[in-house]
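Before I ask anything, let me first share the structure, which is written out below as structure tokens.
Chain IDs A, B, C and D follow the sequence of writing; residue 1 opens each chain.
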Amino acid sequence: MTPVGEERKAALRLGVVGHRGYADLPAIMRTLLDLSPQLGFELAFEPELADFAPDAVARLTDDTPLDALLTLGGDGTLLRGARLVGERQVPILGVNLGRLGFLTSCGPNELDDALRRLAAGDYYAEPRMALHASAVDPGGTERLHWRSLNDVVLHKGGFARVVRFDVWIDGEPIGAYGADGVVISTPTGSTAYSLSAGGPVVVPTVESIVVTPVSPHTLAIRPLVLPASAEVRVRGRDGPEELLVTVDGQVGTNFASAESLVVRRAQRPVLVVRFPGTTFFARLRHKLGWGGLADRDEVA
Amino acid sequence: MTPVGEERKAALRLGVVGHRGYADLPAIMRTLLDLSPQLGFELAFEPELADFAPDAVARLTDDTPLDALLTLGGDGTLLRGARLVGERQVPILGVNLGRLGFLTSCGPNELDDALRRLAAGDYYAEPRMALHASAVDPGGTERLHWRSLNDVVLHKGGFARVVRFDVWIDGEPIGAYGADGVVISTPTGSTAYSLSAGGPVVVPTVESIVVTPVSPHTLAIRPLVLPASAEVRVRGRDGPEELLVTVDGQVGTNFASAESLVVRRAQRPVLVVRFPGTTFFARLRHKLGWGGLADRDEVA
Amino acid sequence: MTPVGEERKAALRLGVVGHRGYADLPAIMRTLLDLSPQLGFELAFEPELADFAPDAVARLTDDTPLDALLTLGGDGTLLRGARLVGERQVPILGVNLGRLGFLTSCGPNELDDALRRLAAGDYYAEPRMALHASAVDPGGTERLHWRSLNDVVLHKGGFARVVRFDVWIDGEPIGAYGADGVVISTPTGSTAYSLSAGGPVVVPTVESIVVTPVSPHTLAIRPLVLPASAEVRVRGRDGPEELLVTVDGQVGTNFASAESLVVRRAQRPVLVVRFPGTTFFARLRHKLGWGGLADRDEVA
Amino acid sequence: MTPVGEERKAALRLGVVGHRGYADLPAIMRTLLDLSPQLGFELAFEPELADFAPDAVARLTDDTPLDALLTLGGDGTLLRGARLVGERQVPILGVNLGRLGFLTSCGPNELDDALRRLAAGDYYAEPRMALHASAVDPGGTERLHWRSLNDVVLHKGGFARVVRFDVWIDGEPIGAYGADGVVISTPTGSTAYSLSAGGPVVVPTVESIVVTPVSPHTLAIRPLVLPASAEVRVRGRDGPEELLVTVDGQVGTNFASAESLVVRRAQRPVLVVRFPGTTFFARLRHKLGWGGLADRDEVA
């Protein structure tokens, strides 16, 4: 517990993003609005939540000054919130309206308690390593860049045939991946798309970058765990094929064939609010069903 | 439904094997003994169940004449029963005292109904392909042989180092497997050890033999699905290493280094009693948790 | 060897398709044109090869009567040729201009001999099971259909999020696959995309349909080997997502969200010309490097 | 390059271990003995190499004072050498007499140059994290302990049935692994047995502990990458089963069923001699055949 709330005599400026697909969202918004005055929150809602906002609530934009961000939805909503705060060191409290998430901090039933703790500074702001990814043309010019908390994926487009990806680590060529795509992931993202593609679960405190091929045709290719300091460069070898970049499974772009995707650690982490009680392994057991039923064995 | 009971005016000679590790066993035995007179069963119990047997019950041995076999336990107990009946075409009714099995026919709550159907011949005797495996010395002499419903595994012994297995299919060498072991499985066994080692689920009606390496060092080796007519031969390449054969995870032997394991389809299948209601895929969904919780994804 | 040439006093009507990306193609075409008169070939070239065609050579279309088809390229060119002949039982001789293929019959150095054997009927026409796939709307109307020798894939589109596929076998729901896609493959296709996605190698004579998830989020989902008689139906659960169907990695279409992909065995197989000498396992060892170098182990 | 040779005016005390299975060993020994006087080596040979040793060469034991260790063989020989030096910070120069190893520093053709660089201190002593493993009884008493550079494996014995392993990380239970075994590996060992069992390749500079199940029956279990500071405890759940511990694939013991295997980082690393030229990724590409032939795809 890092008691970071002492100095905060003034209002806590709290941004709010939410996923309207959850039935619980209106009730959650009411609880939030009810508690805000007594907890000293100064609220700002993203435009999608405007109809929940009384006059006193500001509109949340990329440069709204914030002391904390509340995300109402699942891990995906928190990922979106993380992009909104960018490199700013704003702690993010995710309230999970669906099943227990890897990133969210509590469920809807704990909202009241969580908001009180947030107001009191009674939480731990867990730093999660993020990635900085760029689309770089052959001349070395950065055309686009993204910040990612989970993963950056270079993937063949819809009907594309076999693609070969050349991969460099710190400038050293490490091989040609015949594959559907290459996932470059943080430890946080290791339980997302990288896991589906056969990557390991990396505990968030192991600062590292995970490179996982998707459906590799080169059968001996295996997921790689690199130091967090590594620079990963990936380029499709076969010029005419259509390639796509996807960031945190949410945003993306088409990729010009001569372009490289260059990924390295972002300068600053994402701060995720944690309360005592649930651990990483508890979430893992629950989400992946470890110790549970998906087991082929018999007592006899 | 194959009505095979008409001709059976006389008693149905029913062998019984059971696993004493299940708490339900005594109650099950009582139900069986209570129902037997009215259903016309002539019972024979394996020696391990002798203390449940009144005087009228015979002792079950390998050559006791049988019209059907009842196994009380899990899939493992049914596998043991299948070895007891051997090539004899005796239908096996497995009552599962644990979690739903792949092979068993019903749970303890359905025992009464299942025994009545068995007596009436109101069931389907599903033929499941079996394997015949031999330990053959370099001169071609068979030292030992086994019958298997699930799988035959040639595996390195406890502290053995890396082992290389040469594998032949119908006399053609198909490669050297650097591995802990090689699993040769029926479709029935494809949901047992072969699945743990990375093999596919093969629907029992696809008559075939599955060859799956265990922890292959040769990274490009993949599970193979062969025609049921194939003869698979496996031999450890590195003479001094200790090798073991295990059959259906239950019986086995040490293997002399110059010996080959030769596996082909057994002449006759194992007959497993099926009642309407549960399908292979229903058991699969239940046992493997498909459609269930062991899923990494989030709604948002 | 099936001597099927006796009755063929008349010319052998030989269709030709080729891949212009191979440098050897012009030399191959010259050899073919030189040998044709003496071997009694009546040639028909696909439009892409028109500039190689003297006046005597016909233009090859979907309904040109054919006794055999020659494909000049790799496995991909042969797959294209197989779609051109469709259900017609025309043997296909694939000359591999690249690395040894799984489907092609010989390399460029064996062309002379292969054409003489083709003319003499001195070959074996190996039947390879094919698939018939349909896009079916909720009312049961077939919008499109395809014939496939390798595989049919239902896949999420470029930027689509997590997709859930409902899968039915013979009308029975077998589970929800959270995945990037689902590959439905013949044994022939088991060494193509299905293998990259983690599927087994199925020997072509094991008539079956292989269902392999691509990057499954549901971690316990495994590849399934079904009887050749099975009907597989797949439908995306989450309406708005963009889905694509790809056939043999070559042709495809966008998929309306309410549509189902229905796949079953095609009525007639593809006939692939085989000469004595190379076996399936020889090709497998060569292509996958089994027994080769991609091995982690050490002598000591 | 760390010039550590300046202070070494006196002889360099060089221990030598070797694997007699390599045909090159005698020639290597002659070169070593020829060069030793001029390079100022004071040699000590392990007993197995006694017949190569002139009178001036000492016998190498566990407590012979050493400035460096030379291992002649493969990675296995170096692992044995690493156990011999234990926690002492003695750099190990591995000469690979077989195929390129992950740990060895040079091949036999580079021996002359390598010994001159060793004498001159012209090398980099790469620290590789090691493990300390203990067999601990229920009362907390350590019965045995080992030091490992690659991995520690708790594995079922020969004919044992399904085993369940309970795993704790830093005292927190993380799940029950139904499996053949559990591999606890350093980054160095990630390219050894853990890789065969499906673990990722972890670059040696990512200090971490990798936990990989062997043939897990619990299908959703995945390899875990933990911080180097983690303490991993594993215990077989099913008392009567026979369990074995194997260290670096070389030494081991039977395990009493109530015992736990406790593994944490060793206090001091193993120092491996590196010369400029080959990188980790170059060795990986070579050993695993990346960018090589074991690829299923075709140009067309």
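Methods note: a residue touches a chain if its C-beta (ideal position, glycine included) is under 8 Å from a C-beta of that chain, and two chains touch if they have at least 3 such contacts.
For each chain, UniProt lists the protein as follows: A, B, C, D = NAD kinase.
What you see is a predicted model, and the numbers here were worked out from it, not measured in a lab.
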Labels of chains that are neighbours to chain A and to chain D: B, C
Comparison of A-B and B-C by number of C-beta pairs in contact, larger one: B-C
Fitted rotation between chain C and its twin chain D in degrees, CA, nearest 5: 180
Counterpart interface for B-D, drawn from A-D, A-C or C-D and sharing over half of its contact pairs: A-C
Longest centre-to-centre distance from chain C, chain (CA-based): D
Approximate Å spacing (C-alpha centroids) for the pair chain C, chain D: 46
Separation of chain A from chain C, taking each centre as the mean of its C-alpha atoms, in whole Å: 40
Centre-to-centre distance between chain B and chain A (centres being mean Cα positions), rounded to whole Å: 46
Distance between chain centroids, defined by C-alpha means - chain B, chain C (Å): 36
In chain C, residues with contacts to at least two other chains: 76, 162, 195-196, 198, 217, 219-220, 222, 288-289, 292, 294-296, 298
Residue ranges of chain C touching chain D (in the complex, touch as defined): 19, 21-22, 73-77, 98-99, 101, 191-192, 195-196, 219-220, 222, 287-289, 292-296, 298-300
Interface residues, chain A side, partner chain C - complex: 76, 155, 157-159, 161-162, 179-180, 193, 195-198, 214-217, 219-220, 244, 246, 249-250, 252, 288-289, 294
Chain D contact footprint on chain A (complex, rising order): 162, 169, 172, 174-176, 178, 187, 190, 195, 198-203, 205-206, 208, 210, 217-227, 230, 279, 281, 284-285, 288-291, 294-298
